[in-house]
Amino acid sequence: MGKQKIINDPIYGFISVSHDLVFELMEHPYFQRLRRIRQLGMTHLVYPGAHHTRFHHALGAMYLMGQALETLRSKKIEVSAEEAEAVTIAILLHDIGHGPYSHALEDSIVSGINHEQLSELFMDRLNEIFQGRLTLALKIFRNEYPRKFLHQLVSSQLDMDRLDYLNRDSFFTGVSEGVISSDRIIKMLQVYNDQLVIEAKGIYSIEKFIVARRLMYWQVYLHKTVVSAEGLLINILKRARELFRQGHPLFATPALQQFLKKEFTHRDFKQDPALLDTFAALDDSDVVAGIKVWQNETDPVLSDLCRRMMNRNLFRILIQPEPFSGELINRYREAISSQLGLKKGDVDYYLISGKMVNNAYHSTSEKINILFKDGTLKDIADAADTLNIRSLTETVEKHYLCFPKEVVL
Amino acid sequence: MGKQKIINDPIYGFISVSHDLVFELMEHPYFQRLRRIRQLGMTHLVYPGAHHTRFHHALGAMYLMGQALETLRSKKIEVSAEEAEAVTIAILLHDIGHGPYSHALEDSIVSGINHEQLSELFMDRLNEIFQGRLTLALKIFRNEYPRKFLHQLVSSQLDMDRLDYLNRDSFFTGVSEGVISSDRIIKMLQVYNDQLVIEAKGIYSIEKFIVARRLMYWQVYLHKTVVSAEGLLINILKRARELFRQGHPLFATPALQQFLKKEFTHRDFKQDPALLDTFAALDDSDVVAGIKVWQNETDPVLSDLCRRMMNRNLFRILIQPEPFSGELINRYREAISSQLGLKKGDVDYYLISGKMVNNAYHSTSEKINILFKDGTLKDIADAADTLNIRSLTETVEKHYLCFPKEVVL
Amino acid sequence: MGKQKIINDPIYGFISVSHDLVFELMEHPYFQRLRRIRQLGMTHLVYPGAHHTRFHHALGAMYLMGQALETLRSKKIEVSAEEAEAVTIAILLHDIGHGPYSHALEDSIVSGINHEQLSELFMDRLNEIFQGRLTLALKIFRNEYPRKFLHQLVSSQLDMDRLDYLNRDSFFTGVSEGVISSDRIIKMLQVYNDQLVIEAKGIYSIEKFIVARRLMYWQVYLHKTVVSAEGLLINILKRARELFRQGHPLFATPALQQFLKKEFTHRDFKQDPALLDTFAALDDSDVVAGIKVWQNETDPVLSDLCRRMMNRNLFRILIQPEPFSGELINRYREAISSQLGLKKGDVDYYLISGKMVNNAYHSTSEKINILFKDGTLKDIADAADTLNIRSLTETVEKHYLCFPKEVVL
Amino acid sequence: MGKQKIINDPIYGFISVSHDLVFELMEHPYFQRLRRIRQLGMTHLVYPGAHHTRFHHALGAMYLMGQALETLRSKKIEVSAEEAEAVTIAILLHDIGHGPYSHALEDSIVSGINHEQLSELFMDRLNEIFQGRLTLALKIFRNEYPRKFLHQLVSSQLDMDRLDYLNRDSFFTGVSEGVISSDRIIKMLQVYNDQLVIEAKGIYSIEKFIVARRLMYWQVYLHKTVVSAEGLLINILKRARELFRQGHPLFATPALQQFLKKEFTHRDFKQDPALLDTFAALDDSDVVAGIKVWQNETDPVLSDLCRRMMNRNLFRILIQPEPFSGELINRYREAISSQLGLKKGDVDYYLISGKMVNNAYHSTSEKINILFKDGTLKDIADAADTLNIRSLTETVEKHYLCFPKEVVL
């Protein structure tokens, strides 16, 4: 590289950017926008340190990729300079399609296309801009490159994405249950028959990694207050969209207006290249600035929901293993309607139901394989010396119901 | 308290809220808004982890206050329940007057009133809302309460504010030079003749604290790229204000519009209570959302400056111990004008000069006093066994000059 | 207390000694000797940082006890000053009966009495010395005090002993798999029907704690090289004892000589009070100094074993789920005999077999109970939302066989 | 390397051994003995975590050397494979001459030769054993190799030795004042005119490093209780030697006996190769085992001093900037004699006086040079923007006087 670029990271110390092209990609506005999109959306309402961004996570995953390549090369797995650059780019850009509050937006105003599709659109666009220099990175990302382990470093149950986000989200939330030994896991990586595997002596680090992931789901990603806040956000955006479509003029940034006015599909994005740039103009500030102003809107539902969000007066949330009965839901519906004096059609904005799903380890596809000294491979679920990992392959579901705190049956 | 409230903090582990009134204050929109205001403004452009908020810092300082009170009480310094609540409130609210990018706004669109005055306005308003229950807290904050050490816990060279922000800013930036032993410093606190002092065996922890503060100034608060980014932000806001006043309609949230349109003084805030609520509606998102939209404004200066900011294409910054000569500045002025094709009047938006001041320890007033076993008190600058602290009482000044990277003499 | 005593701890920051009697006990030679006994015996041969002592662990457990009492009192569980002092003493002294390399000595030269019995002897002796001031502490320790939760703080599956040692052993070994949220677990403690329980929202911290314990067993306490080193140590001490009893004079400290010469039972300790003082004179240095000198002994077995230990030329260890067959063991026996040129009777010093047992959570007695909001209690194994904890109640056994590296079949 | 060797380190995570020869040296008994020698002697009496060994520090310094080489090579400083191996060996062995409680022994029973001389003797011996394969390492160690910066990595004010011990001693004591950014300092290393220098943007990390070193001297290395304990240890050893030479038989390991009986010089070590092996047989356990047994010796002075040491009943220590007057010393001498009933000749064992010297930065030779972008070099003392570093070039002296706590004037 012409000039060495080093970035301070509170988790890994220093992150070096090792390829010129990687640095140029980082400087592109499509990537810079990730500086303004929080990794964990509304989670900072529960864990006030959780303001870290998708930009920061992408850098962290890139750092771990560098470590992984160094380990593999030290074990005589050849990785060419081109492959190293490409896999680094692939991990850097793996989440570039995320917009602000991604999951909430996909459930409300950007429901015609998902972030995986958007990531590919961004990567294709960048590949054009950089005149084909991302072609190999894209092949690896799409698992179209013959050496499959490179794709697995980017996307699998043991990819650099997960290793970074568990550590990073733990660090910024302060939830120590999610801390994993990424350093040790990476040192135990190996390639066997073109598969990314873990050497046998890393088995307990993997056990801990799977448990850490499970615990982070309950304590952070599916924390009840986070789920309640996201539900409220979805309803705010749905209401705003409805008002917009009814011709009610609302304050919003131009980019947000466009998505409030109309639903776009993957096809729309393909047909109108400018649409991707409009999407790229969105970040957390569009949403927050909107909600703040909408607190003073004349529509009573929108203004009320927005005030609740801004002042963290979130809905109460009930959680249980089985689905809530239709009867109970109806009773809440009526209580909400009568106690808050709402029109029938508006009750849905005040009653949210859904399902949380936590699956710590998927044993069906893309298993984590352990490599024993005798050359045998075993799925970690079978390799562990108790059934605990196997039991973590079960999907755990919880059902929830949210409504304003002041509503009582 | 009716219900115990515990908040996760990645630095101290858990922060408990120990008084009902404190919890109610935290829930007030005036305080909740601090969740949306970063402690370090644009610093995340250099240190990507630095997205922590003024809300989080206020909680941290409150936690340290609890530790300090516990230490003092264990040393038989009586602090009544009322005093404890009041001093806790005082530290919680000490920075409540900060708006988004405070220093930049005070240098551009909110120059008629400073954040200290705003803090007092907010506290007075809250005292009304809470029917006088903040009166003692306000007395302590304003140093009108007889027991002076309580004020010193809130505001002095050894206050809980500094102890928290050095640790917190170090943690989130990853700059380990700022880590201090707040735990140890607090354990060494004592009160002597109604003054907050440090026991002699804490002398080296204080020495480290002063050095850490000095280093954090150079490495974080006055980091050259941060200074350059803040200069750019100031010029963006100044340009936007100028355009607004010329009648050029610009996108902006209603609250931001109000401050772009007109300059308000302390007197205005006193006379129009609604103004404080307008100010309270501002946060980082108003500024970011504005700048993003202004990238596409027709005014070439505004749109260019905003694009530079959004894509982190910041001005180059020169730094030297002595002021830049008028001659050099003129040469840059001409180069900018000719090379960028700017009108004379617009050159000032592209040339920023100023002075950085770093004073690690002030020996004139509010010294840090060391209490020796024989009962004598000494200023830390005299108590240290070398002249190094004394030399840190000197103010270090550096002068800077910023301009677009592409400009050459 | 007359004078406050504060001790630096790299894990918790500062440990304060809160009772005069506790401080006097810490100063007693019976307690000071723990400064010279490593918590993890020979483990530093694998993890070079693991030189922390039983003294340090006892202080750490005492610190956590203080945190636990503070939490319980804040939840309106009354604990009198006498009870607090007593339970603090009980945890401080809970392991005072440990000698150097406890487990190895109990398997070789001090096999007539175990460390639990010795702990009680030391406590009874200290109670005499301190004129009965430890009576309540002893009642709690022996579970003879009516308030059972106090005993559970000292000894149960959730006691302060375990919380400290998992954290401490992780810290000094650098094995991050054992880090637990002791801070959070303690904050979730509650007393219900005189039982120590965990509030429902701490359920995932307990899950992590149980998994961490399991992983620390495999990665540290039962690490294969540690097991091999302990086996070698046992054989060295057995051989030395045999030589001693055959009248072969060996260098040894006077205290160690006494235990090499004769086997003592609990009854001997009861009848001869001086014996406890002889035992109290033993620490790691007696054993290490002996082994070093024995490297040059004329007995070829003893000198060879000692040289292997000192130069970390440890036995190879084979591990498998099922017991090793008698036939295989015989083949190794013969190989050792012929390849090392050993007399038949000496082969046993070069062949070690045994069983490792790892049981992360015992569900039979002293369960960890989770307290739900509706007042119901559930064993954590039943309360978890998957079967993973239940599967960790299974005992995992592994069998091992150790012999010199140079021996081949 | 045939087999990769990885060692867990709680500070750096994992330390890899990168050369076969290095691994063989680590396995040699001369190096393994460092496992039984604490880095900080008696310091664990003040900081109970400080049991880390010279073995562990040597590994840590070796790890940092690897980081430094990686950084320099990334900056196009060529370092050949042979040079890399040699400089790694040089740092690994830099302190191999240390015996147990080195400073105390050099002031008592091993006063005819110092640890630097012993290190060279060990290295020469190892070079013989390894048939000349350490020749280049020795040249670098002795600064006889043309490329001077390699020696500076091993021994200078910025060597890997200091970088590791400040971090390591901070970690194990829990004294956070000593934590330095070794990671950042190493990233700023550069070679200029064959000198090891620091790039200008690392200037504040160096400032912090110098201050950290100063603070660690006062808080750890010269902590008053540590100084008192070392004084007591010296007097114990002196007394034991005197008794030995008077023909009084004392328990001691054979190796320790030899050094108690006779004073050896550098010449003796040169003439009798076996002497080095006797020295190599010494470690902390010889000294501790001796002192424990001597508690029961008939000589009242020796037994009393040893009991004080074992039960941490250390001498009181007075500290002042100027030397203690002869008159005061005499008054203490008489008080000790009369109050403890001592013979005149024995008083010296109970009265210790001396001088502590703390010099954070030496500006006379081997300066730390800062490399500016324009290619100029400046001593850090001149390059800092205040006089604080310059003031730290002053040597600070304190005088101390130790005597039993029960003695009063």
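The chains carry the letters A, B, C and D, assigned in the order they are written, with residues numbered from 1 in each.
Everything below uses one rule, namely that contacts are C-beta pairs under 8 Å (C-beta built on N, C-alpha and C of every residue); 3 or more make two chains touch, one makes a residue touch a chain.
These numbers were taken from a predicted model, which means no experiment stands behind them.
Asks: Centre to centre, using CA atoms, which chain is the farthest one from chain D?
Replies: Most remote chain from chain D, centroid-wise, comes out as A.
Asks: Pick the pair with more C-beta contacts: A-C or B-C?
Replies: Pair with the higher count of C-beta contacts: A-C.
Asks: Taking each chain's centre as its mean C-alpha position, how far apart are chain B and chain C in Å?
Replies: Going by mean C-alpha positions, chain B sits 50 Å from chain C.
Asks: What whole-number Å value describes the gap between the mean CA coordinates of chain A and chain B?
Replies: 32
Asks: Calculate how many whole Å lie between the centre of chain A and the centre of chain C, each centre taken as the average of the chain's C-alpha atoms.
Replies: 43
Asks: If you look at chain A, which of its residues touch at least two other chains?
Replies: 13, 184
Asks: Touching residues of chain A toward chain C in the complex: what are they?
Replies: 176-177, 179-181, 184, 204-205, 207-208, 211-212, 215, 218-219, 321, 385-392, 394, 396, 398
Asks: Mind listing the chain A positions that touch chain B in their complex?
Replies: Those residues of chain A that touch chain B are 7-11, 13, 27, 29, 32, 35-36, 38, 44-49, 51-53, 55-56, 59, 171-175, 251, 253-255, 281, 283-286, 288-289, 292-293, 296, 310-312.
Asks: Okay, in this complex, where on chain D does chain A touch?
Replies: 4, 6, 13-14, 74, 183-184, 187
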